[in-house]
Every structure is written in C-alpha cells, then in structure tokens.
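Structures incoming, each one as structure tokens.
Common to both upcoming complexes is chain A, partnered first by chain B, then by chain C.
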Partner chain A sequence: MTVAALTERVAARSAGPGAPPAAGIRSWLTTVDHKRIGILYGVAAFAFFLLGGLEALLLRLQLAQPNGHVLGAQTFNALFTMHGTTMIFLAVMPASNAFFNYLIPLLLGARDVAFPRLNALSFWIFLFGGLFLNAAWLVGAPPDAGWFGYANLTSTQFSPGLGVDFWMLGLQVLGVSSMLAGVNFIVTILNLRAPGMTLMRMPVFVWMALVVQFLSILAFPTITVAMIMLMFDRFFGTRFYDVAAGGDLHMWQHLFWIFGHPEVYILILPAMGIVSEVVPVFARKPLFGAPVVIYSGALIGFFGFGVWSHHMFAAGMGPVADAAFAVSSMLIAIPTGVKIFNWLATLWGGALRLTAAMHYALGFIALFTIGGLSGIMHASPPVDLQQTDSYFVVAHFHYVLIGGSLSGLLAGLYYWWPKITGRRLDERLGKLQFWLFFVGFNLTFFPQHYLGAIGMPRRIYTYAAEPGWAFWNLVSTVGAFVLALSFLLLLVVAVASLRAAATAGNDPWDGRTLEWRTSSPPPVENFAALPPVYGRDTFWREKHGDRHGRRPTPAPAPPPGPSHLPSPSRLPILVAVGLVVAAAGALVSAWIVVAGLGFAVLALFRFALEHHANLAHAHQDGVTGVDHRKLGMWAFLGSECMFFGTLIAVYLAYKGRSVVGPRPHEILNIPVTTVSTFDLLMSSLVMVLALAAVRRGDARQTRRWLTWTALLGLIFLGFQAFEFTSFVREGLTLQRNLFGSTFFVLTGFHGGHVTLGVVWLLTLAILSLRGRLAATDAVKVEVAGLYWHFVDIVWIAIFTLIYLIP
Partner chain B sequence: MSTSDPGHGEHASVATYIKVALVLTALTAIEVGAIYIRALTPILIPTLLVLSLAKFSLVLLFFMHLRYDTRTLSVVFVGPLLIALAVFLALIALIGAGMAPA
Partner chain C sequence: MSTVLTKSDYGRATDEIYGLIAWIALGIFLIVVGLLVYALVRYRERGPGELPRQIRGHSLLEIGWTIAPALVLLVIAIPTIQTVFRTQPTVEPEGALEVTVRGHQWWWEFSYPALGIVTANELHLPLGRAAALRLEGPDVIHSFWVPQLGGKRDVIPGRLNRLTFTPEAPGEYLGQCAEFCGVSHANMRLRVIVDGAEAWQAWVRLQQAPPAADAAATEGAAVFAKSACVGCHTVRGVAAGVVGPDLTHFGSRQTLAAGLLPNTPANVLAWIQDPPAVKPGVKMPALGLSPAEARAVAGYLASLK
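Right after this comes the complex of A and B.
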C-alpha cells in the first residue's frame, strides 16, 4: 500500500476536511478534536462551578447571622473544604483548560494539538477524578480538613474517616490529568506554530498558556510527593508526618505551598492572557509593550517558585526564612504591576468599545488590583501575622480569584463565544449580567476586609453576637446571592444565544489574531489552508496593515494536499475509567486496585500501539526540528526532576531524625549497591547501542541490545529486592522509623520507574521480534532510551546522596 | 569522533559511548574508594558531589544526546532542573533550620 493510499484511508476514517463533525453521544465519548474537548472541559467546569457556588451559598447562609443553625460544624468544615477544592481544581483550572484546548491550535494556525488522544485522556481523567472526589458526599464522608489538608489534622488519628482519603486520591488523579495536559500543550506551542509564527509573534494568551504548562508540570510533582507521603502514612503506617517519630509538620506545609503558590499563578495567568487579547481588540490598539508583558508573565512564573513560604509566616520558620520570602514576595509584585500599567497604557488613547467582554476585562484590572494591594500587605510578615487566618485573607484571595481569574475567564467567554458557537451573546443582557456580578461580588467580599481587620477568624462555623460582626456578615451573604443571581442570568443569556440563529460571522469583533480568520465555529480541520503569519497580531496586519497602513504582500497559497486529521478513539476514556476504578479501589479492596490498574495498563498498551503501524504517524517533527514525542519526553523528564528532587530532599531533610534504629550507617550495603549501580550504568550503554542499531535498520542487534537493557534492569531490580528483604530481616521496615519510611519510598518509586522501563523495553523488543520495529520507528526507541537514561541519572544521585555521603 | 545523521543532528559513535561508559565506571570506582580513604574525610562530601555531577553530566550529554541536540531541548530540561535544584536546596535548608538539636 502506498503512503498516499494509506493517508487517504486514515483521513476517510476521521471527519475529513470540509466534512461536518460527527454527531451523537458516541462521537463525543471518542472525540480527539481539540475543539470538542474544549467544549467538554467548559461544560464540566461550569457544572462543577455551580456545585462549588452552591457550597459557598450554604456557607454564607450559615454565617449570615450570629449563632447560626443552618449547618453544624462538621458540615461547615466539609463545605469550605469542598468549595475550595472544587473551585480551584474542578472549576477555574478546567475552565482555563477549556480555552487552552479550543483556542491554542487556532491561535497558532495549527490543525490540532500535538497529542490529540492524550488530550482526550486528560479530559476524561479530570472528569472522573472530579466525580470521584464528589462521590464522597454520596457516601457521607466529604473531605473536611480544608483544601490545603494540613498535617497532622489529616492523619488517621485526627481524621479517621474516608473523607481525607477521597480528597487525597482524588487530587492525585486530577494531578495526572494536569501533567498530561501540561506536556501536551508545551509540545503543541513549541512545535505546531504555523510557518512564520516565531515565539515572539505568538499571541500573549498563548505565551501565558506556555508559562502555565511549565508551572503545572513543575508544581504538581511536589504535591504528588506530599500526597504520596500522606497516603503512605494513612494506609501503610509510615512516619512522614509523625512528630513522635521525628517527622516535621512543616514538611507538609512546605511541600503543599511549593505547589500551592505556583498553583495560584496557574489560576491567574490564563485570565491575564485573555485580558491581553480582549483589551487591544476593544481599544483598537495593539497591546502596549507586548514583549514586556510576555517577559513579565514568564518572570512571574519563574519567581512563583521562590515565594511559597509567605503562606507560612505564622508557622514559626524563623526570622531569616521570613525575611527571605518577604523580599521575594514583594519583588514578584513588580512584573505583575508592569502588566497592569501596560493594560492601562493600551486603553489610553484607544477607541474604546465597551462590549460585555470589555466590561469584564476592565473589571479584571480594577478588581485584581484591589486583590493585589491586599496581597502586598500579606508579603510583610509582621502585617501578615495580624491578617493571616482572618477574613482579610479570605477577601484577598477572592478578589484575585473571582475578581481576577473568573473575571478574565468571563471576558474570554463573551469574547470567544461567537467563534465557538457561531452566535453572539446578547450584549445588553451581558452588560446587565456583568453589573450584577460586579455589585454582588463587591458586596460579598469587600466587607470581609473589614471583618478580618476587626478580628473575625476564617474557618469558623459560627460566631457570637458580641464582636459586632453580624451586620457585615449579613451584607456579605446578601452579596453572595446577588452574585449567584448573576450566574443564573449568565445561563439564561447563554441558552438564549444557543437557540438563536448562527449569525455571528467569522470576525464579529474585527479581531487581531488567527482564530478570527476562519469560520465560526471553525471546521474540523480549523483552516482550509494553513494561514500566513505576517507578525504579531497577524490577522490585523493582513486586514489593516501595520501602524503606517502598509499591508503585507499576501503569501502564496500553500500547495493542496491531504491534511491528516486524528481519528476518534475510545481508548482515552477506557484508560481513565481504569485509573479511577483503581483510586476507588484503594478505599475498598486491594483487588479492585489491581483490577483497575490492570484494566488501565491493558488499555494503555492498546493506546500506545493504536497507531504504531500508521505511516502517517511515523514522522512528527515540528517547528523546533524535534519530534513531538521526543520533545514531550524531555518536558516530562523536567517534571521528574521535581518529583525525584523532592523525594530526595525529604530524605535528606529527615536524615538523622529517626528516634529509633536501624540507621543508615548500620544497614546500607555499599559493596552490593556499587555492583547494582555499575549494572544500571552498563544498561545505559547497551541502550544507546540499541538506538544506534535501530537507526541503521539492524533488527537483530536492536533486539539483542533492547533485551540486554531490560535484562540489566531486571538484575538491578533483583539487587533491590535482595536489599529490601535483607533490610526487613534486620528490622528496617516502612513503618519502623523515618529512615525506613523515606528510604523505602524513595528507592521504591525509583524501582517502580525501572520496572516500567523494563516493561517498555521488552515491549519494543517483542515488536522488533515480530518485525514491527523498523528504522522509521527509531524515535520510539530514542524516547524509551531518554526515559531509561533519566532513571539511571536519578540513581546516580541516589547512590551518592543516600548511600555514599555519610 | 561523531557521525552525522540528516534530520537528527550529529551522533556520537559507538566508540564514544564505550569510552563514556568506561569513564562512568572509573568515576564510580573513585567515588566508592574515596569513602574508605580517611585522608579525604574533610573534603569527602564536595568530592562525592563533584564526581556525581560529572557522571550525571556525562549521561545527560552523551547517552541522552543533549550535547548534539538542539538548544530547545536544553532549555526545556535544564530550566526545570535548575528550579528543582533550587527548591531542593531551599527545602533542606528550611526543614534543617527547624530541626531540634539531637
């Protein structure tokens, strides 16, 4: 079969260029189209948002008056826990993902994301993870330890029920979704830009998305480690957060906030990106200082990893740590302020059109600034000691999250609704909806600054009449219902729009970027022909010329040819089902965990091999000249640096703190470990020999070296099994002391990675044996090799830091 | 000595890979030997860290091919690596500073 005939067959299986999108629920369950996945994320995010909103209304009802009897203390704790968790992980983040999914390929001039099936997998894992988390309500065990789950409140001693288990497992599942999406969009943005679209010509929204993806893949590993340690403490009796055994409760706080602070930038940067698109369009001026806005966003992302302990000023870290994090937290306000001034400068002298989208963008600037001002106060430790754990903090983060993130997302909704649906939202009702939102929001949260300042603590389920908090609490509750009304109105506006005719047209706003160059909604293939790129705001330049009115010379039309569109697949949803069944099994029975994981692994095998023989997938080189899969693996390995770095740091931080023995110097066997280290180093050598063999098309040598690599890996695992069993015989177990807990978890996870690698390599060897691994598949061996070598260099670090250094 | 492969950049030769493997073996032997030499005790930790870093770099640059690949990959990996290292050091310092005396 010729390549052309094969490509035709593949294209015919999917909705080809110009074909209408497939209909029916099955088509949605198996979709890999980024636009549909974006819509799925958006609908799910909105549904969870309504749930989180309902939780908030119940909280406000309870606090409307002193000595409230609407809710008991336990239910109140569960509601604020789930409200926070839902809004952050199930509403705002997925809503941002909805925009990333729908728009990034369009903004880049691409036909889809780099890994369409992985994209679908991210969505289904998110959805099932969110449903799993909320299933806790149905079994009467909602999480109630706060969205931040501080140790040791989350220990089995103080939280013996299933609530914390649901929370811990649910967040780990959601973390997998974020990681996959992060890798996917990094590769998409770097590799799938249309010809002529350099990085600095990308829309600012795409830049903010790129920064967010790096934040995601670097922040989630740390909370994953924190959760793994909590899970092991709760399920297996390890000592990570056991103070009596030498554990430090600050460890949880540090690990959580190393994730938690970048997380807030994950929440706000997409909204900032949206505002950076909306304001120029409705001011009819280019974004003032666009490169500076981009650099500021990147700086915010980078510095976001250096400020986390400003959430811990009251935790007793000491003056040096307090001072260091105070300075870094104040410094990070600078790039944020730069953006605000750039938006204002964009507005200045512009021909303003006050559409509903623009209302929200302007609202963002005002409300986020207020939130930022209260935030800069928190950056000062002495001031923060007054404000922390009071309603002043609650006011701050709602100003930045609702006034900031949500306003930005709503601006995006109004702005891009015509592109997504082909219909316009009613502008008059939209502006009314904005004002209801604006008034309701400020009524709810502005008084909370005052309440915090006069001493009302947060996370209290009721209060007495004496402190004088009643009036402003009542005002806040009224505001919350006005805010809720605004979202009901939003629903009405949206439904009315969907019932109307599709008359928005391609470019209702006279937009500046590529998504407005195609139909509304776009066809399956996004663009009939890949669009030309003339600079930043390329579509504006094409229509109106540059600032001197000079229009670019139209680029020649690209030669016609088949465009490869990804085929629908049921495997993403099946893998997600297996994963969540495994998570649920952890609460019920180990056999269900095994069954769930087994199903997920089988589905993953089919997922990995689904397009193995498809020649259309053989070469996936992008703009960087690097294959998508190779680039994706390098991005993933960057996140693995955080994962293993955190695990090793925990080991070293806890070193010497075990209350009872055995201790490292009494038990570690350096001669035996030296041999296993040599074994693993040699496995890296034979791995590169395998890669060299597959590149020159030598199947026999490929098989030999792949098998040898796997065998050496198995030998390493054998050494590890010998070490583990001898340690247990000598009295060192997971539960024995801190050394046992940290050592076995660190080396155990490394061993798990080796095991995965062995399975991967044996799979490749078997494919080669069946004549299904040719020179065109060399990149697959290369990607497996990168993973394998990384596992080796992690061991290099472990061998030195854990075994050799006294 | 390296060979070129159009579309993939330069590659190290098999001889280079074997040399790297031998150097890695030697460095591991030196590392292990160093812990038994009393005279090196005052400088043992920096010595081990330097040797470990050398091994780490050799695998990264040659076996993982970063030396021959496009700079984009270096940025995509080394940036996160540096952030991980900074967080690693800060975490040890912060928890260590809070440690009660033995």
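Right after this comes the complex of A and C.
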C-alpha cells in the first residue's frame, strides 16, 4: 500500500467538523479524540480501582483479628503488593490522565492534543499493561515482593517464581505509556494554547498538569534503569544487585525512590489542580494568589527531586545524609502549606455553594492537611525511625492518597460530570456519598496512626494478640467496608444520572474557564470557533467583567481556515498489542519477544508514515514558534538525559567494586575507541550537511549525506561489535563482574540507540529516494538530527567518563 | 510495643522531638480546620445576590504565610539534626556491650563476641549499660525494631549498620522485623530482656556454660545427634550446624520459632513434627521422626537450659 493511498483511505474515514460522533466498538478502538480517550482512561481506571479496592477488603478481612485464617501468608503478600501497584499505576495515575485528556485541550481553547495518535497509543499501552500485570493472578504467580520490590528480595534466589517478572515487565510497559503521555502533554500545553492565553493565564489545573508531565518524563527513566538492572539480573545473570559480587543493595533503593518520590507528586498535583479550579467556582471568587499557587506547584515539583532518601532513613546512610534529606523534606512543606492557605483565603469572604464537588474539595483540604502533617513527622529521622515501616506510615500515605488525591479526583468527577455527560449527578445523593466516604475513610485509617504508634509493623499477614492491636484493627476493617459501600453508592449515583435526560446545559456552575463555553458534551471539534482569551479565568471575565465590572471588548474574529480534525487510526492499538505480546513473551520464549517486537516495529513504521504525505500535517507550528515534533523531541531528549545519566551514575558508583577481574584498565582499548569516537563525531557533521541539503530542496545531496550518516553509524556499531566480542574472549562477560554488568548494559543501550538512529536515517533516505522528502519535510530530518546529535553527545560523555578517566 | 513509652536513652531523645512535632502538628491542624469550618459557616451563600469582592491576592499575606511555616520548620529542624547526630555516635560509648545481630529469613541470631555467647530470638541486655548492636545479614534486607528501646535500623546484606542505645528500665520488650523479607516476615519476632546486674551475671554464666546434661534426656539426645538436626543447628559439643538457630540453651528461652509460640513441650513437639505448618516457608523441613522420637527430642531440647 503506498503512502498516498493510505493517506486517502485515512482521510475518507475522518469525520468533518459538526458531524455526529461515530458509534460502535470499532470507533472506540480507533479513536484519537482526546475526549473519548479521556473516557476510556476514566472507565479503565475505575475498573482497576474496584479491583484494587477488592484486594484491600481481603487484606482487611484477614487483619480483622489476631492469627486470622482468611488468607494464607503468600496470598496476603501478593494482595498487598498488587493493591499498592494497582492503586498507584492503574487507578490514580490513569484517573488523572482521564482528566488531563478530556479537559486540557478544552481549557486551552484547542481542538485536541498535539499528537492524537500518540495519545491513543498511551492509553492502549496502559490498558494492556494493566491487564498483563493482572494476568499474573490467572497463572497463579502474582507478584509478592511489595509495590516497591526491594532488592535483593526480588532476586531469582529469593523470588524464584514468575511473580516478580510480571511486576517488573508490567511496570516497564506502563512506564512507556506515561512517558509518551508526558511528551504529548508538554507539547500540547506549550504549543496549542488559544491566541491570548499566555502561560500565566492558563488555568491552575493545566499548570499542575504541566508540572506532572515534566515529573513523569524526568522521573520514569530512573525506575526504568532500576528495572532494567533487575531484569538483567533475573534473566541474564548480571550482578547489579548481587551482594557477593560487590553489588550495593542501597542502589535499588536510591534509584527507585529518585523515581518514587516525584511519583507521589505526580499523584497529588492533579488533585491540587482540581481543587484550585473547584474552590473558586463554588466560592464565586478568583483563586487567591493564583500565581503563587502556580509557583508553589512548580517548586514542589522541582524540590520533589531532592528529597528521595527520606524513604531510607532506616537504611543506615549515615547522619549527614539523614540530616540533609530531613532538611530538604521539611522545606517542601513550605510551598505545600502556602497552597493550603491560599485555598482558605479563596473561601474567605466568598459566597460558598456547598455542592457535592465542593464537599470533596473541602474534604481534600482537611484530610490532606492531616496527611501532610504526619508527613512532617516522617521528615524528622528520629521520629521516622519509629514510624516508618509501621502502620503509621500506612496511615500517612493513605491520608495523602485517598484524603488527598482521590478526594480531589472525586471533586473533579462531580464538577466535570455535567460537561462530559451532559447530565447532572444527584446533588443530595452525592453529598450522602461524600459523607459515607468521609466517615468510612477516617474510620479505616485514623486508627492506623495509633496502631503504628503502638508498634504494629506494616506488611504483616497476621499478628499475635499479645501487643494489643486487635481492637483497632477490627475498627479499621469495619471502616474499610463503609468506604467500599460509599463507592457502590457512587456507582449508583453515576448510573442513575446517565439514565436521565441530558439537561445540564453548557455552564451549570457559572464556571470560570473555557470548557464551560461550549456544549455539554462538547462537539467533536470542541469549539465551533476558537474562543477569545481575556485573561486568567477568561470565561468569567467574559461573563461578569473584571473586578471593576468592566466588560472586555469583543475579540476580533479568528482568521478563517479549515479546521483539521485528527483522523481515527488503528495503529495505536496495534503497536500496543505488539509491545505487550513482547513483554509477555519474555516469560515464555524469546521467539515470542521477537514476534511481538517485530509486530510493534512494523506497526510503528506504518504509524510514522500514515500521515507522511498529508499536507495538513506538513506544518505543526505552535504558540512557541517551534514545531510540535521538534518540541516533542526536546522533551524526549530530556528524559534520555536522565536515562543515560542514571546508567552512567550506576557505572561510576560501582567502579572499583568488582570482586574479580578483568578490570577496566586491563581491557579497555583507548586507541581503537578513539577512532570509533571520531567516526561518530564525523557522522554528526555529515548529519548537519544532510539537514542543510533537505532545506534547500537538494534531494540527491540529502540522500548522500543521510546515507553517509547511517554508514558512519554502522561503522561505529561495527567497532562496538568488535569490542564486545574481544572482551568476551578475554573473559569479560555481562555476568563476570560488576564492571562487565555495568559496562555492557550502558554501552549496549547506547549502541541500541545508535541502531535505532541508523534505521531512522535509512528510512528517511529511502523516502527521499522515492521523491517523498521535500523541503517542506525538513523538520523531519531536523528532528532525526536532534536525536542523532544527542546520541553522539552521550557517547562523548561515556567515552570521557568510562574510557578516558582512570 | 509502644513507640512513645520508651525505656532507653535513645527512646528519650526521640520522645522529645516526637512530642514537639506532634504538638506543633496538632496546633496547625486546629488552625487550618478551624479556619475552614469558620469560613464554611460564615461565608455560606445565603441566596443569589451580588458577587462577593473579587480579591485576587495579597502580597503581604503570602509573604507572611510563607515565612511563618519556615520558622516553624526551623524550630523542628534544629533539634531534629541534633538528635540525628546524638543517636548515631561515630565512636561507641565507653564500656559498651557489643552484640552482633544477624537477620535471617525468618529468625534473629544474637552473638556476644566478647562473652563467647551465641543465641537466637531473645536478646538479653544489662540494665544501664550501652548496647552497641552491629547489624548484618546473609540473605535479604530485614529491620531490627524494638519500639520501646528506640527506632529501627535495617539489616542490609553487604553493609554493616549500627544501633546503639542504653536500656534504662528492666523488663521484657517485644520487637519485630520491620522490613518485608518474604513469606514469613510477620513471623520474625524477637524480645529483648533487660536484666538487672545480678540477673545479667546469672544469665551470662548460664549461657557460657556447656549444655546441661540431663539423664532423663539421653534418649532424646541420641535421636538428635543422629538426625538431620545436627546439619543445621549448633549444640555446643554435640552439633555444629550454622543454618538455623543455636540451640545450646534452647530450654532457657521463653518462645520458639522466633517469638511465634511459647516454649512449651506441646509447642516444641508440634514444631518439630511440621515446621511449615507453624511458619509458612520456613527452611526447616518436617524431619519424618516418629511420634516417640519427636517426643524424645522435644524433651531433650527442653532440658537444654
């Protein structure tokens, strides 16, 4: 099928503006509409939430009495592992994504996200990844090493079954979904704002989303590296977490928590963003100190990278590290507190409408305060050493995650339900549902502070009667069932609402932001005409004027032009299928891995070329003046900095710790590697020439320089193959020692990146050969160039730090 | 197993800062919730009317409620840092008793190098003397936690961690492993018995003595000596296995299976006959002894006072 024919077929399938939304399962499987993807995320997140909740109820049943016999030890351990993993990765994060997807284009005055098909891809990878992870139950091998799986409990020696493999592979797959979404939303938020919407005029929810996306792309690479190391230990016998070979068990903890702490801000910032939208609407006043709330959110995100070892106060890092992380963890409390005071000040002097959404927003303020205060206690190492790994910390994180994140998300659900469905949720039942939730939640988790204070450790499948923990465990279990009941009631409220007629109208709450300016639900193209932006809270300003009552002058009519809507595509779901088949294959046979990856790669090729000849896609410039694809590549390269930075840091941390040789100075061949380095540098030079050629429309030169770049890349890979084989012959293998493990993984992944680059460049060269790479396609060469130069720069770092420095 | 009714110097140092932070936290909570509830009552919309004053912010307030929390945190941070350094001395106190703690899946090994004593799951310490615990482990990460005597410290294979405290009241203190370490993590319990001077001397003498030879237990001793028991356990002079706990003075311990069961003849018998039924995943297999043999061995173990 030629690219042209493919494009025609795709164009024929897409709906024009004003058309009714397509119906049928197929339309949902191929949708690239952000609103539909948002609904898909929301439904999937809720389903996984119910699963995670069921797991929690089973845990609580077992713990209701001392020496309980409801569950065996292994089942209990699997249940708490899956409960945590499910709630974090399959419930709260996707629920946040549901809101990001549905609302962000609307809040920005845009028609969709920057990369609609990538958006769909993120969803399908998440869904299949979540199903894969839970398939572990079906084969009787659920992961049971805890949601943060400390090495070396997760080694094949101490966890020999498939459980940890499912967990490890599942999380890697889910990580891909998050990273793609991160790139997508960064470009969307920076580039697709309606005219007049400067960054500081964006709704606070969008700002919190932006911080979350940066956290995602910068934090996930670290856990990816930690998991790669675990995967290589388990599958290939490397030594990363092998104590006898010199491995350091603190390494897993550092890498995990460098991800893990930003992760908790990924979990809470969306909810804070929602509260920052809901409270002003139902107080009929602007958010107090909106710029300060925005800066606080950004600061929290930034400082969130500097506190990770407060999860390791018991691990024996020494008093200096303990003190340093104590101080940094306490510092984070400042911007957090500032937000709380700003929300309170928003209420002050307002005209409060206590809708169900407002109940949840106010509940957030109270409950998150409790969770934040117990967090401050944890920030002090002496106190933390009593509280960590006990039910006190379990209480702490459930207060911030349920009292915080979930309350915020539920506030968002009640608030935006009319916009998404066109129907209202019953306010009376909604408030009842809130109180049931509030009572059930506090009954479950407040006593757990006390249980921790009287010495009950966490993650124990049973306990004796002697320490006196029985009564409050029983109370906590009762509370859990009340909490569960509240979610059943939520289901009832939701279903009842969907059965009623769609009478909510565009703006049931007298809202402040742009989503209320269009119909409920919005049409496929979101807005008939792109809305004018008068400032922060632009829709409120339009309706009520500024604080002096002055109405804004009407905006000039937007320039006429075709509104290009993204066309459905079945490639996202196909790529996702390939990826997850490959992950599952890792548990069964290498051939299935190859088949899965092969299928995914083929689908990716079609994905990349699907709109190659589509003129509507030729220019994708945005507000920043930078093409979407270029901006996306920069964001991606940011994550790659963290990825390679982590691999290099692990190499350096493990330097000199190998128990047996060969050692670096005995085996690294600097003269030969200097030649290959020079070769790679020359390839960057030639790439620059290729970009210049495509820009001036010189197809022959373009082809020549692209091919040369690829060739020089192949020569580099040849050198690397030579190096690897001679090292193996001299006795240095992946498994030999820490040096072998760290060296081969670091340089191997770099080589993998070079290989991908070569394939990319040759594809571009072939496109040029077929007359399909014109001057208008220069940005595609430029984006490939950015990637290629980055891979070169990484090599310079590797060459310097690993080869040159003794 | 209270974390706030502590009985050691480490515990007292922690209690001070714990109390400070807890009271401050309570105060902040009352302020925030108080303001919240007040606002809810006072500013409730009483019917459609004019819009309230559309105040966007107030710089002085922002500065104020940024500086105030910072000052509060300073008040918390300074004693925190002081306590961190005080409870992690670089040099062990004079005359400290060195104890090596090894965390195994799923039991605790305690040895006193200076005294030549090796025991398991029950840690005797002298009252009023610093105990310098060296924490190490041969398998996975565990965590040594006796709440009434101080905070926890992880046992990390490949690393040496330390925990130092001086018990200040005699008594028995319950503890438990506090880092998930596998199937029977919940069953890895311990107790610390803080002895007054006389009781301590008596205990040390008892532990240093060779195993008691009880005439009534010779049959059991014989069964023990020729079964697989000797491959894993040590009874000084009889067996030298190092996989499982040292049993030289097993009869003087209050519990078995790492604090799971009281050390009664019936429980010992049940344990010997089917350890995995008592403790899931335990490395000790059912040895296939006949009921008579098992009873004899149980009697022998009870005699090892």
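In this text, the second predicted complex is superposed on the first by the 791 of 806 C-alpha atoms of A that agree within 3 Å, B and C clash if a C-alpha of one lies under 4 Å from a C-alpha of the other, contacts with A are read in each partner's own complex, and residues count from 1 in each chain.
Please note the rule applied: a contact is a pair of C-beta atoms (placed from the backbone, for glycine too) under 8 Å apart; a residue touches a chain by one contact, two chains touch by 3 or more.
Quantities reported herein were computed from a predicted structural model and do not represent experimental measurements.
Three-chain overlay on chain A, with chain B and chain C fitting side by side and no clash. Of the two partner chains placed around the shared chain by superposition, chain B is the only one that A:806 touches, whereas chain C remains out of contact. Touch counts on chain A: comparing chain C and chain B, the chain ahead is C. The superposed model places chain B and chain C at 100 degrees from each other around the C-alpha centre of chain A, with the value given to the nearest 10. By the touch criterion stated above, A:728 is placed in contact with neither chain B nor chain C.
By the touch criterion stated above, A:248 is placed in contact with chain B and with chain C alike. Touch criterion not met for A:615: it reaches neither chain B nor chain C. When the two complexes are overlaid on their common chain A, residue A:674 makes contact with chain B while staying clear of chain C.
Applying the stated contact rule after C-alpha superposition, one finds that A:318 touches each of chain B and chain C.
In the superposition on chain A, A:306 makes contact with chain B only, not with chain C.
Look at A:769: by the touch rule set out above, it reaches neither chain B nor chain C. Figure legend note: chain B and chain C, brought together by superposition on chain A, show a least Cα distance of 8 Å. Overlap of the chain B and chain C interfaces on chain A comprises residues 248, 250, 316, 318. Chain A contributes residues 72-74, 77, 144-146, 150, 152-153, 158, 243, 247-250, 283-286, 288-292, 314-316, 318-319, 322-323, 326-327, 330-331, 333-334, 337-338, 340-342, 344-345, 347-354, 362, 365-366, 369-370, 373-374, 376-377, 379-390, 452-464, 466-467, 544, 547 to its touches with chain C in the complex. Taken together, the chain A residues at the contact with chain B in this complex read 186, 190, 214, 217-218, 222, 248, 250-251, 254-255, 258, 302, 305-306, 309, 316-318, 320-321, 621, 624-626, 630-631, 634-635, 637-639, 641-642, 645-646, 648-650, 652-654, 656-657, 670, 674, 677-678, 681-682, 684-685, 687-689, 692, 695, 782, 785-786, 789-790, 792-793, 796-797, 799-801, 804-806.
Of all residues in chain C, those touching chain A in their complex are 1-4, 13-14, 17-18, 21-22, 25, 28-29, 32-33, 35-36, 39-40, 43-45, 49, 51-58, 61-62, 65-66, 69-70, 73, 76-77, 80-81, 83-85, 87-88, 105, 135, 139-141, 143, 145, 147-148, 150-154, 156-159, 161-162, 174, 176-186, 189, 280-281.
Contact residues of chain B toward chain A in the complex are 5, 7-8, 11-12, 14, 17-18, 20-21, 24-25, 28, 31-32, 35, 44-45, 48-49, 51-52, 55-56, 59-60, 62-65, 69-70, 72-73, 76-77, 79-81, 83-88, 91-92, 94-99, 102.
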